[in-house]
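You will see subunit A twice below: alongside subunit B first, and alongside subunit C after that.
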Partner chain A sequence: MTQKLVMALPKGRILAEVLPLLARAGIEPEPEFANEDSRQLRFATNHPGLDLIRVRNFDVATFVAFGAAQLGVAGNDVLMEFDYPEIYAPLDLEIGRCRLSVAARRDLAEEDSSRLSYVRVATKYPEITRRHFAQHGIQAEVIKLNGAMELAPVLGLSPRIVDLVQTGATLAANGLVEIERIAEVTSRLIVNRPALKTRPDEVGAWIDRLREVVHAR
Partner chain B sequence: MSEQHPALLPVGLRDLLPPEAEAEAVVVARLMAVLASHGYERVKPPLIEYEETLLSGAGAAMAPETFRLMDPMSQRMIGVRADMTPQVARIAASRLKTAPRPLRLSYAGQVLRVRGGQLRPERQVGQVGAELIGSETVAADVEAVSVAAEALSEVGVPNLSVDLTMPTLVPAICRATGVAIEQVRDALDHKDAARVAALGGAAAAPLGALLAAAGPAKRTLATLAALELPPAAAAERQRLAEVVARLEKAAPGLRMTLDPVENRGFEYHTGLTFTFFTPGASGELGRGGRYVAGNGAPEPATGFTLYTDTILQAVPAPTRPRRLFLTPGTPPEEARRLRREGWVTIAALGRVDDAIAEARRLGCTHVFERGALKEV
Partner chain C sequence: MTQKLVMALPKGRILAEVLPLLARAGIEPEPEFANEDSRQLRFATNHPGLDLIRVRNFDVATFVAFGAAQLGVAGNDVLMEFDYPEIYAPLDLEIGRCRLSVAARRDLAEEDSSRLSYVRVATKYPEITRRHFAQHGIQAEVIKLNGAMELAPVLGLSPRIVDLVQTGATLAANGLVEIERIAEVTSRLIVNRPALKTRPDEVGAWIDRLREVVHAR
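Right, the complex of A and B next:
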């Protein structure tokens, strides 16, 4: 009995960059995949042994960590947040490039952060945020938001945010400045550890094929 | 505050009910029987020990996972075991110091951990294990893997595969290239090729090659053979190849993969280590490898621990035994004969009007009435 391999892809911005990569690796999803309003959640490909699912980017890591999907595409921001031991990230797909940064109201940017013992930060990344400030000896009170982080300083929820920054235009439009970069972010091909160990040929073949495609660019 | 439900257990703990509790006991017994048949003799260390003995040597790795309490009698700190291997190593180095080497010991028991993993919330887990103490040979490495594989196959784990690694390979390369291992460890653990390339410095190229080499044993060995390695690492590679060649004979049918950079959970290991997987279970079935036993007088040792909770997920569900309802007045010697024939008997404790209905209510498959067996 060979089970199908499932590859989890993130909805939204990254998906548009992933699909051309998959196409060059010879993976064509069924037509319904392109329909964003589709109620279908699992999609066949031109390979009978490989299906695709489309989930939120944080959920990609969860599906792969638990082995519900064997392969996936996730940014290293998501991987840093969860730090799942069961996820391997063998290949940098070099797409979805951005950075994870601390940003604050312009008037706070001048402040000497070495005097701080405590900050309040709004973010989608509570673990990374706590770890980052703890490394600087600062205790962070994290307010978990799921979007529109830039509103938090504007409306007085928290003076600082930790969020993904691509061009910085959204920050600037809301009177915020980038204070510190925590990490450079790109999307990685991720695989479930037991799947790689128990099905090394199939899973390894997809890693190799995508590696060729990425390195050929 | 609302009142707590009386059945609620602390996080990560659970009750095992019929038939799972029985199935677990059966699996433990069958695993232990295989170990015993290879000459591994059973030891039984206690549940709690003084903290400093429990967490010394190889036990130090479990310190963050260990529940501690103060012993009201000695006023000293005591730890509840989070892993039995250090206890067995302690026994070998103390009370069994003079027993002839190589020493083969086995054990089975429950351990308790402060935290469950992200993927496995269980805090109490069952272990079955064996330690082979006092031999540095390749033959000992091969025996540890093949005995564990035999035990797992014996309890019915399908499509067993073992992932072998040499945790000394990466440090040897780092030493030779002058790169601090801490710099790349986390990236290697996540097989994050991009970060290894970025952080690896002079070791980036050989480490990147090791990363990419992981896969089916034959192929990985061929890739490794073509690599330019520093002498210390080349010696480790040679030993790995020898183990694989011998295992092909000792454990035919066992699928082998090689992962030259795997390290997680092997921080205290000093040579060949291994992890068992099966496609049906989401975690490891067991792991083991070479380490140094004993504090004052170090001894080479290898061994393995099997995780009964994961194994139970991977093996076929047990078939329930045939249960026989004995109507009142069944002669005791007749009942004894039936039990000897393999029946599980459920005796009526009072008057029964409808034996068939009563048998069905109690989950029996058969009824014994007026000297005759009847199917329900």
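Right, the complex of A and C next:
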């Protein structure tokens, strides 16, 4: 018996944008998937050969990189942070649009940052942050946070943060301003490279199907 | 003007146990705190000198270690993982009781693990996991996950996980069994050591107050 393919989807805000796209590609999860408090971790679909899992967005990349899921949906922010060679991202799904930016307290934003040699930055993205500042010749001391980044400048943990920004309303509400964009972010279809080699027909068919759906919009 | 003290509380399951304890110590958050979807990040209390923040449990330790919060509530699992010298944990609050354990697929649980020299383990606790297996002379390759650990053995990511266990029902539902306890876990009152030195009266008074409440139960 061939093992089922597993597609890893991110919990939270992005999921509501992914599901209509999957529906247009003919993928319908079992009803329990809609229950956000479900203890169930793996879900069947209307395709006997395809299951879904719903995990944190960083974990989508981990499951796909190690081949525990063959397909997934992840933002390029996550892909940039991990830089897994086993992940191939063939298709921009054009959903979950936001940007990854440096933000700072309003009073620091006017400072000439080109004169800095050292900054302290709070972020969920330590690798991207270190690389970004290093490219400007600045050494970044990174404080890893898992959420509520905006509190860091407010409470004096770090004057700067690197975080996802959608409208900028949360930044503004906390007296912060966006000072530099590191990347535009959208969600991508990702696949495990070895799975694409060993099961090219099945994995390739889902890539083609989703590509048609995205391009038909 | 003296700066307000900030107490960092963990989001989620523990919060419902912390709030009654704070209430008995005479700490009442502003009404907006009860709104779990609030965009607000910092909350006043009935004490003009004390504010609350609500962050992820790992971040509680980070905010307190760096002195951005002077007080906090964190499990000893989090304290063991980070091992921050700046954190002092004077009081076991005797809430959030669970255990940190190694679990494995039922078919592996009977294996003689003393003969292993290498294991692959999925966990939220890379440091604790590496240390634990190293003490048994086993090298652990750790795959960091942020949630849904039970999926790792189910999908073949790793045969073993290190995770918090309360009743064991989630493990059982995924065909896993607890094979070894690493630590008993409860939530502790934690304080920033430098803050305890520079503001001993205020910080010390909250420690004493909470100690009375815990011991009165």
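Everything below uses one rule, namely that the second predicted complex is superposed on the first by the 216 of 217 C-alpha atoms of A that agree within 3 Å, B and C clash if a C-alpha of one lies under 4 Å from a C-alpha of the other, contacts with A are read in each partner's own complex, and residues count from 1 in each chain.
Following the convention adopted for this analysis, a residue touches a chain if its C-beta (ideal position, glycine included) is under 8 Å from a C-beta of that chain, and two chains touch if they have at least 3 such contacts.
All figures in this text were calculated on a predicted structure; none of them were measured in a lab.
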Between subunit B (first) and subunit C (second), which does A:Pro126 come into contact with in this model arrangement: first, second, both, or neither?
-> neither
Pick one for A:Gly168: touches subunit B only (first), subunit C only (second), both, or neither.
-> neither
Answer with first, second, both or neither: which of subunit B and subunit C does A:Pro85 touch in the superposed model?
-> first
Go through the superposed model and pick first if A:Arg188 touches only subunit B, second if only subunit C, both, or neither.
-> first
Who does A:Phe66 touch here: subunit B (first), subunit C (second), both, or neither?
-> both
Which of the two partners, first being subunit B and second being subunit C, lies in contact with A:Leu157: first, second, both, or neither?
-> second
Can you pull the subunit A residues that subunit B and subunit C both touch?
-> 66-67
What part of subunit A is in contact with subunit B in the complex they form?
-> 3, 65-67, 76, 79, 82, 84-92, 186, 188, 191, 194, 196-201, 204
Report the residues of subunit B in contact with subunit A in the complex, numbered from low to high.
-> 117-119, 159, 161, 163, 189-194, 211-212, 214-216, 255, 257, 259, 264, 275, 277-279, 281-284
How about subunit C: which of its residues touch subunit A in the complex?
-> 6, 11, 39, 41-42, 53-56, 58-59, 62-63, 66-69, 143-148, 150-152, 154-157, 170, 173-174
